[in-house]
Amino acid sequence: MAGCAAALSSFFFEYDTPRIVLIRSRKVGLMNRTVQLLILAYVIGWVFVWEKGYQETDSVVSSITTKVKGVALTNTSELGLRVWDVADYVIPPQQENTLFVMTNIVATLNQRQSTCAELPDAKTVCISDDNCTFGSIDVHGSGVATGKCVHYNAHVKTCEVIAWCPVENDTYVPRPAFLKAAENFTLLIKNHIWYPKFNFTKRNILPNTSATYLKSCIYDTKSDPFCPIFRLGQIVESGGQSFQQMAVEGGIMGIQINWDCNLDRSASHCIPKYSFHRLDNQDSDHTVSPGYNFSATWGHRWYHVHKARMAVHVSQQRGWHCVDCPRLLPIFRISRQLPTSSVCGHAGKAS
Amino acid sequence: MAGCAAALSSFFFEYDTPRIVLIRSRKVGLMNRTVQLLILAYVIGWVFVWEKGYQETDSVVSSITTKVKGVALTNTSELGLRVWDVADYVIPPQQENTLFVMTNIVATLNQRQSTCAELPDAKTVCISDDNCTFGSIDVHGSGVATGKCVHYNAHVKTCEVIAWCPVENDTYVPRPAFLKAAENFTLLIKNHIWYPKFNFTKRNILPNTSATYLKSCIYDTKSDPFCPIFRLGQIVESGGQSFQQMAVEGGIMGIQINWDCNLDRSASHCIPKYSFHRLDNQDSDHTVSPGYNFSATWGHRWYHVHKARMAVHVSQQRGWHCVDCPRLLPIFRISRQLPTSSVCGHAGKAS
Amino acid sequence: MAGCAAALSSFFFEYDTPRIVLIRSRKVGLMNRTVQLLILAYVIGWVFVWEKGYQETDSVVSSITTKVKGVALTNTSELGLRVWDVADYVIPPQQENTLFVMTNIVATLNQRQSTCAELPDAKTVCISDDNCTFGSIDVHGSGVATGKCVHYNAHVKTCEVIAWCPVENDTYVPRPAFLKAAENFTLLIKNHIWYPKFNFTKRNILPNTSATYLKSCIYDTKSDPFCPIFRLGQIVESGGQSFQQMAVEGGIMGIQINWDCNLDRSASHCIPKYSFHRLDNQDSDHTVSPGYNFSATWGHRWYHVHKARMAVHVSQQRGWHCVDCPRLLPIFRISRQLPTSSVCGHAGKAS
């Protein structure tokens, strides 16, 4: 009991501190302060000025709407003279954060449900009905086999299928692309951002943009970096690709809008930066199943649509603001060294 | 060699420790312990209790489906008496995490591919065929010029274009909005969440919700905070906007569903919180190119559609759980001070 | 003034350092080094080797395109013999990161705008015209009341509505699902990834995949883990669910593609891992409003569509790379101890 009380009294009423030697030496003293200064400079320079460790950060909430403009005229033996406008080549009419522009078509006109010869390949070519199984479905085929063997053309017989007839044949894709004029279509991107923590909103049509400028401008990295209207061809070229080549098989472009804002400065310094990148990389390794295409139907059934998908991405954006936060802890750790060393002579302000 | 052995022996078998002064002073001793206590309280209070630094966090995997209900009746000279239901005004019929409700229409009925006069503006008004260039395409125009100058109306002549005719004229947008009744449409949001790390799933239709309640309830911040059915008009008003005003030009509402769950507590405390915000901010600065609209076609070609886009966003959500993790390192740093100071008297537990 | 100068001189030209006792003891010395070694091992083992604290991380930029293949044949009294291909059951034809496959239908054929009897329920059943209010709209109803009470069938009278007639009745959903053959449809997922910081791109069709293999393979966890073609039925079963059960009411499957890459190793080690999970959890708690469905129209108006939504998610992915970065700070803190302790004998390299 007495031992316990003594231990407690010792715990509360005694204090250990290292003995200090005071060295009166200009060289050592200056060296000590220089080292301390360097550490201080590192901390302030790196954590505060460079990394802005004193700032609170917030992620952006963003909304994007897009609008394409442009008209193309085509004249083929199959479809005749035809005008294509935005309601024809943007499918579906709108999507969130992304946009699809048709650049090429494999059209199969006037399909209807009936029976016809399947496309010839290793599995479907036949000599007599014995080669065809009634009711069989091939996962890569166009329909359900009727069990008959019929003429695909004068030279080849294939198994008959019940399907949307005539069946679609996408072996040959038009070259150059059917809607090669899409290169000159323009894309207006409206992007609203919101930093909820700072209740800061802005949009990519900057406040000083006039309606007149918006009617005539086209984005250019150097001359018009804040014009939100882009030429499709130039988006693809900025990503280091050829539009006409991409238009044939289809592809995906990513547009990054980067809002890296220091909100301690004026709101007018918070401006978007655009960058472009092809997302379906076309390495020499990647020759299998290239491009991007899908099937859609119009009034007549159906066109097989090859499209350049222009995906609009908003990149991870950051906004800063001064608030103390857990990130200050590491700074506390180092700054604590200073009082400790200056305390030594005065016995006892150690933390 | 001998020097090296001596250095090694010194490295392994000698130990430096500072000389300690023991100060027997109630004031200094208590002050020392108080300072230590404050630091300890700060660490435990801030890092553990407030920031829950002992918990592991996980991001949510979420899926959202939406369903709109409501019918509107319109009667205009152009379209006659017409009923509009969900299959008419939600375009496309479904999307992921977002939803489009048509609120206004600029209808151009019975368009077909032919030639007609372009809309009059500075570039297209003409006096004779000499003013029109055959084959020219204006990026803001409706079609491809034929090179002729024809009457747009009794007073004005414009260049003829091959296009979807008659060309669309969206200068005048109906006011009030065509489908102003959309204010009373309801939106059911089904949101399933999943925290993969904790294998925790939940949905926003809470377990104690009955089918009867779900048939009649409407979300209200105070009386029905867990009803997943929202009135469109009230979503917009909760975001501080006027539905009828927004319905004319179109706009984008964000709905945030916040699942901020402390999974150390019962699962029944993990509940969603809804908040609403207009994403296309309508500042006085932002008068250029307001609203949100796009072009779509129905059986007849085509209506120009103005819509309120109700984007449903799931915000960054967090779930917590107790697991030791790298975030404990900073705590280790400070607690290390305590053994160090208590070790001094006992020669040698320094780290 | 003199005091100030003295304080300054003392600040710059003097240096405090603790007095050191040198203890020549094998036990204490070895213990000291062992403790230091353990801390060092912890730091190197945990922060460097396990957590890879020396590596910079980057989030992936990803693009996904999908393509479904498969044909189904149905024969019902209502729709007759019909073939369904991808352009029929994928609605809308394409979306970003997600995909909708129709598995069930409640068809209401040949609807047109006219007047007819509303579906009978507690609110709509009537005896005479007095029970029906002209112009009233029920949010769960199909149209706008005309104020008349008419025969729904031989036994029941309901209020007449102006609506798309006949009104849709989805009380009974086909069991088994109408397109139960969707179980054998295949889904090709093309996923391109890009780590912008490291300028590293890859796709899930690996470089050594041949066109022949891609034509015949089906994903299997064990035998074909890198085949990007999935059978719908197997996706659902891998998520622990029954496809035929899910096809009736609809549901949402999440496919995770995990690219967890250590780019310090060869690029060929950076491979995708697939996992599957049902996102609309089907607990016993969750019997209210199950499944997933929406309304869409075809040429004839309209089918009510029940679909299994196969949402393709790309999970949060990480790539690593060696660069020094702020995460090195905590390591600096501990390694600093070593010079400090080895410096003590030499008076004055303390930081």
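For reference, chains read A, B and C in written order, and residue numbers begin at 1 within each chain.
In this text, contacts are C-beta pairs under 8 Å (C-beta built on N, C-alpha and C of every residue); 3 or more make two chains touch, one makes a residue touch a chain.
Bear in mind the structure is a predicted one, so any value in this text is a computation, not a measurement.
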item: Pairwise touch network: line, ring, star, complete, or other; value: complete
item: Rotation angle superposing chain B onto its copy chain C by C-alpha atoms, nearest 5 degrees; value: 120
item: Classification of the chain A:chain B interface as same or different, half of numbers criterion; value: different
item: Distance between chain centroids, defined by C-alpha means - chain A, chain B (Å); value: 16
item: Multi-partner residues of chain C (each touching 2 or more other chains); value: 18-19, 92, 95-96, 330, 333
item: Complex interface listing, chain B residues touching chain C; value: 11-19, 59, 61-63, 65, 67, 69-73, 81-83, 85-87, 90, 92-96, 181, 184-186, 188, 190, 192, 194, 196, 201-203, 205, 207, 209-211, 214-215, 326, 329-330, 333, 347-351
item: Residues of chain A defined as touching chain C within the complex; value: 18-26, 28-33, 35-36, 39, 46-47, 51, 91-92, 95-98, 100, 113, 137, 139-144, 162-164, 252, 254, 277, 279-281, 283, 285-286, 288-289, 292-297, 301-302, 305, 309, 311, 313, 316, 330, 333, 337, 341, 344-345
